[in-house]
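Each structure below is given as structure tokens.
Each of the next two complexes has subunit A plus one other chain: subunit B in the first, subunit C in the second.
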Partner chain A sequence: MRGWLKRAHGLRVTLWTLIVPPSVWAVHFLFSYLWAAVSCAKIGRWARFPTVFAIGTVIALVVILLAGLIAWQQSRTPGDPPPHNEGTDIDRLRFLAFSTLLLSGLSFVAVLFTALPVLMLGDCR
Partner chain B sequence: MSLHAQDDPTLRAAQEDRLRAVWKPPSGWFFRWTDVNNNRIGVWYTLTAFGFMLFAGVLALIMRTQLAVPNNDLVSANTFNQLFTLHGSMMMFLFAVPMFEAVSIILLPQLLGARDLPFPRLSAFGYWSFLLGGVFVSGSIFFNAAPDGGWFMYPPLTTRTDLSGLGADIWMLGLSFIEVSSVAAAVELIVGVLKCRPPGMRLNLMPLYAWYILVVAVMILFAFPPLIAGDLLFEMERLLEWPFFDAARGGDPLLWQHLFWIFGHPEVYIVFLPSIALFAMLIPTFAQRHLLGYPWIVLAAVGTAFLSFGLWVHHMFATGLPKISLAFFSAASEAVAIPTGVQIFAFIATLWAGKVKWSTPLLYASGSLAIFVIGGLTGVMVAVAPFDWQAHDTYFIVAHLHYVLIGGTLLPLFGGLYYYWPLITGKKLSDRMGRAAFWIMFVGVNLTFFPMHLSGLEGMPRRVFTYPAELGIGWLNLASTAGSYLFAAGVLVLVIDLALSPTRPKAARNPWNAGTLEWLAHPDDEDWGIRSVPLIESRYPIWDQKDFVAKVDEGRFFLPDAEEGRRETIITSVLDARPVSVIRLGTPSVKPMITAVALGAVFILTTYHLYLLSAISGVVTLACVLWWLWDTAEIPEKPEKPIGHGMHMPLYSAGPAAPGWWAMFITMMADATAFSGLVFGYYFYWTIHSDFGAGFDGPGSAAPIMALGLSLASWVGTVVAREVHARGQVMIARILLVAGTIAAIASLFAGLRCLDGLDPKANVYPAIVWVLTIWTVVHAAIGAIMQLYTLARSLAGRMTPSHDADLRNITVYQHFYALTASVTYLTIGLFPETGL
Partner chain C sequence: MRGEKFIAIMGLCWLLAGCNRHQSTLAPFGADAEAIRHLFIVMLVGAVGIAGFVAWLMRRAVRAPVGEMTHRKGMRLVLWLGGIVPTVVLLGLLAYSLPYMRPRPVAPADLRIAVDGEQFWWRVAYRAADGAPVLSANEIRIPVGRTVAFRLTAGDVVHSFWIPGLAGKMDMIPGRTNTLVVRADRSGRYRGQCAEFCGLSHALMALDVVAMEPAAFDAWLEGQRGPARGAVADVAGARLFAAQGCGGCHAVRGTAAASRIGPDLSRFGQRATLAAGILPMTTANVAGFIRHPQATKPGVRMPAFPQLSDAEAMAIARYLEGLK
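Right, the complex of A and B next:
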């Protein structure tokens, strides 16, 4: 695990990787909305605790967690001195990685928020 | 050119003369309006948007006067409908969004140390489109023809021509035109932030304003197109009777609500984030320290942008959707409070940690945050669906949205006005008048809108032109009216302060002692933007980099000269802002203005059903665009030029290194989003209506597959043409372009064959097939025009294997076209037209 995490330092970080966690939230959200809309309209009911929904949610959370883990590693890249506000390669990497980490946190919570109603509501009324 | 050379004052003076000559604005009573410099376009834009704001504010005052007492008859119900519709529409489309674009057009080049934005003529085009469309929409009220269906124009009230008149068309077509200009501004701003930063300004050193602008411009790209798609369906129904929102013929009015609010909710954040961005600039200045939590602010901006696209159904809680769907949107609506809170705490922490210099802009910032937070808290309340069912369409909502928009957009902009006025005019505004205006407005806002919470909870519905005395809300309404006049008085003080500005002396340079790049501006500013493009090593270079201002002024950084007599700026890489090329910028021209007038004529003539004239205007618009484009992507007289410090930069770039490629890519993202709005419509009908398409023949599979094959042939032809052209096989590339054009035109006819025997007026199924097909064949036609244009460029010697930007740009278009054609023809040809 540790060796694997070390390799995270070598991964490329761009504006695209920054938006991976919130994009996962967006896909999960869209998936939840469409799933509910189609199953309510076509089948007429929203089965309590549908397996597909649960699996989708777990996948989303795992992807966000992974993105967060990689970002956490990268945000601790050693080298330049704190406070890491300089125009160096490492500080730019640390900034993008730390922002990705923060977005992972927000996206994780937001996915949980989206999943919660399914625990409470079981039908299409 | 070494550092040493700049020690010579005569050289510097000669450079300044050359720069001054190159950046000289056009003069003459007409030609001065053909200017494209961001300094001037931005100011016109800002003043125009400010004027529309005052106009819409007067409309609000008339409404409040009507509502001051029960059973009032100052205005008729019909006029009142026009008043509230135009007030809301103007504040959103003609003030809040354009104001953000206007301010960004002024500030962004200064913040990024660029001479101008990458496409100055596009900014000018956006401005003229905005002015024309804005005057058209707002002027309608003087002819008793203003839209009257509420700013979100719900059908069927607005689609039935017997229930609503010309106003609905004016709204749809006039504002569609303005949406085009918003997308144009978004393209300009995204490319500006990503590609026009000064060397060294890596992503982590970018001013937070630029981060916010990047995020907001991307939001515009995904939020506005669904509305454009909705507008298209809406006008098809009004002008041609295609039943997209008519339940009797299989349509569904809820589709409009979806498309409108997929735009409408992100819109709230599109107008809020840029105002908050002003705080991110002024708070460090008045705290005299770096902003705390830079990545946290980026989290807030990006997080809010994403979550804001998961909120739209909270405007539709009362439409009878399944509770589980409502709950998803309720959850996202609660979640968005997290990033919003984070940025407010970051601001508070910065002030706490700094040495605060209490000033007028800071007063506006802190006061507006207080108002915004109240609106945010009622927002969390109405995000709870059961509470919303009680408060929906009452004055409680009116109170909530005005607290949010005044605290989150209007007052921050006024704060920004006091902060940045010295940057634009070189003069400070009056602190005394500014503070007086603030307190009058602050009391006015609360007196106007706080009682509305109560009148709403007492049961006063929004959008009523009067109410009975028995409801017992007379005194609450009177208080609101008094407050609105107080607020207007505050605005008046502010306007007088602005009007007195020309009589005041110039202020010192950088009067607030700010640390960010835009404050390099000199009170007696030149038109060249920045004397030399600096090397950035800090987020606050004026504070942190030694002798920074003097070095910029003495031209010791990059591009201190205009040897070839051209307007130029530096293009850098996206992540690390390494210089990659120098581009030549557009110079003053009548082309943007004429193109805007021609395009405006298309929309305005369509409103009055003058289709032939409208079609002629469309052809003129196309001709103008081609005329405009012909001068672009020019082959430079030499391959590269020195920019100082021994660096040489190419003068030509193509593909992803070129701003034009990015502009095409970004425009096509918006185009694809609009298209996905139409596709959403198709699948929405299929989901909701089990009888979708039942009893109506579809296009079959043969014609769509044929059209798809030809479309893909056109795409492959272009892609292969690009490859062989780059290898020097110019003749083969030309033949391939001709073949691609023929395939595109053939796909157009094959596409139209899909529509044989389908009557779009009969039912929503043939109607949506028509719309998807028309959308696709129009794109085929545009693709063919691009292919012929590129061919002409090649024949005219304006495109060669080493200078092939045109061909690379149209290939991007063709990628998106291939996607569009695939989705359309597979959907209409293969997807089961009847429900599962």
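Right, the complex of A and C next:
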């Protein structure tokens, strides 16, 4: 685990890493609708426990968590205290890493908020 | 100051106009409306509490001297009050409210009532598990304590079916059937209203709702079958009804009038109101509506009959009121 975190620390957070959590959130949102539509059309009623949907949700949460973990490692780059708003490489990295961390938190909660109705409503009407 | 007080009191008086027991989500007679009211009160108390807390915090933050809080403490405050607490509260509210949205289960033997929205009235058909459907209009009767499934459709434009004291509203969409499953818990006479703008007389598209004890309901529904009682062919009103072509749109079971375009009039005399919950059922009102329906309901499809004399219109009205 420690070695793995070290590797994460070595990765450079870029704009591409930044968009991972919200993209996963968007894909999961689409997946919820698609799952409900296909499931209702094929089975005719709501599955008693939506296994496929639960697996998809867990995968989305894990990906967001990993992105958040990398960002957290990066944002802990040692250096001067905040605010980090200079035009330097290290400040840019800190900014991107912290933004990714915040977006990961938001996306994690958002995926949970999307999944809860699917798991609790259970109606095809 | 005195003027401000007067305005405040007048404002509260406006709010009081919403207090009633026959058409209000806050005066429920059905299980679903009761759940909605419960949820509303929980959300209202929660929202007022949060708003009060935020106002207090704002007041404190604005008045606090610069440097009262360290940067670290400030960031922690933002993390907790801006991130963690709202997330947990919202997650809790979502998990608490979602089970309320689960639809009521419906069994094949449960009573089904088909309600079709038309400009500007309601076509009603009771479909019990056995027997032919019973047609009616602008009045819905339901048994207390039993599950009832409304099958909602629309014949022309989008309407919305809303009996505030019974359950939430549901749209009626042309070409689509929506199902609303409800259960009434208290008997009485209530009122519903179209809740989606559907034309000139949208606001005048209401309906009477009668929740009855199960035994009384069964007897009533049984009594609705068969031809209209009181449809004696040789009275003046019946002859005028036929001669004016009323049967071209309306049905009176047991007579030649059998059209489905307008409301079914077979049990017209049993209803408490006229023109979809708008006027009290009096002979004069019925006669007036026949001659000038547009005066009561602008945009109504029924043509006017101004050529009828007062006496003739009253004769038809008396005939209709005798249909029970």
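Throughout what follows, the second predicted complex is superposed on the first by the 119 of 125 C-alpha atoms of A that agree within 3 Å, B and C clash if a C-alpha of one lies under 4 Å from a C-alpha of the other, contacts with A are read in each partner's own complex, and residues count from 1 in each chain.
Just so we're on the same page, a contact is a pair of C-beta atoms (placed from the backbone, for glycine too) under 8 Å apart; a residue touches a chain by one contact, two chains touch by 3 or more.
Because the structure is predicted, anything quoted here is derived from the model rather than measured.
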item: Which superposed partner A:125 touches (first subunit B, second subunit C, both, neither); value: both
item: Contacts of A:109 with subunit B and subunit C, given as first, second, both or neither; value: both
item: More subunit A residues in contact - subunit B or subunit C; value: B
item: First (subunit B), second (subunit C), both or neither touched by A:117; value: both
item: Subunit B and subunit C footprints on subunit A, overlapping residues; value: 109, 113, 116-117, 120-121, 123, 125
item: Complex contacts: residues of subunit A adjacent to subunit C; value: 82, 105, 109, 112-113, 116-117, 120-123, 125
item: Subunit A residues touching subunit B - in the complex, by the definition given at the top; value: 14-15, 18-19, 22-23, 25-26, 29, 32-33, 36-38, 40-42, 46, 85-87, 89, 91-92, 94-96, 98-99, 102-103, 106-107, 109-110, 113-114, 116-118, 120-121, 123-125
item: In the complex, subunit B residues that touch subunit A; value: 200-205, 290, 294-296, 298-299, 302-303, 306-307, 309-310, 322-325, 327-328, 330-332, 334-335, 338-339, 536-539, 574-576, 687-688, 690, 835-836
item: Residues of subunit C that touch subunit A when the two form their complex; value: 71, 83, 87, 90-91, 94-95, 98-99, 101-103, 178-179
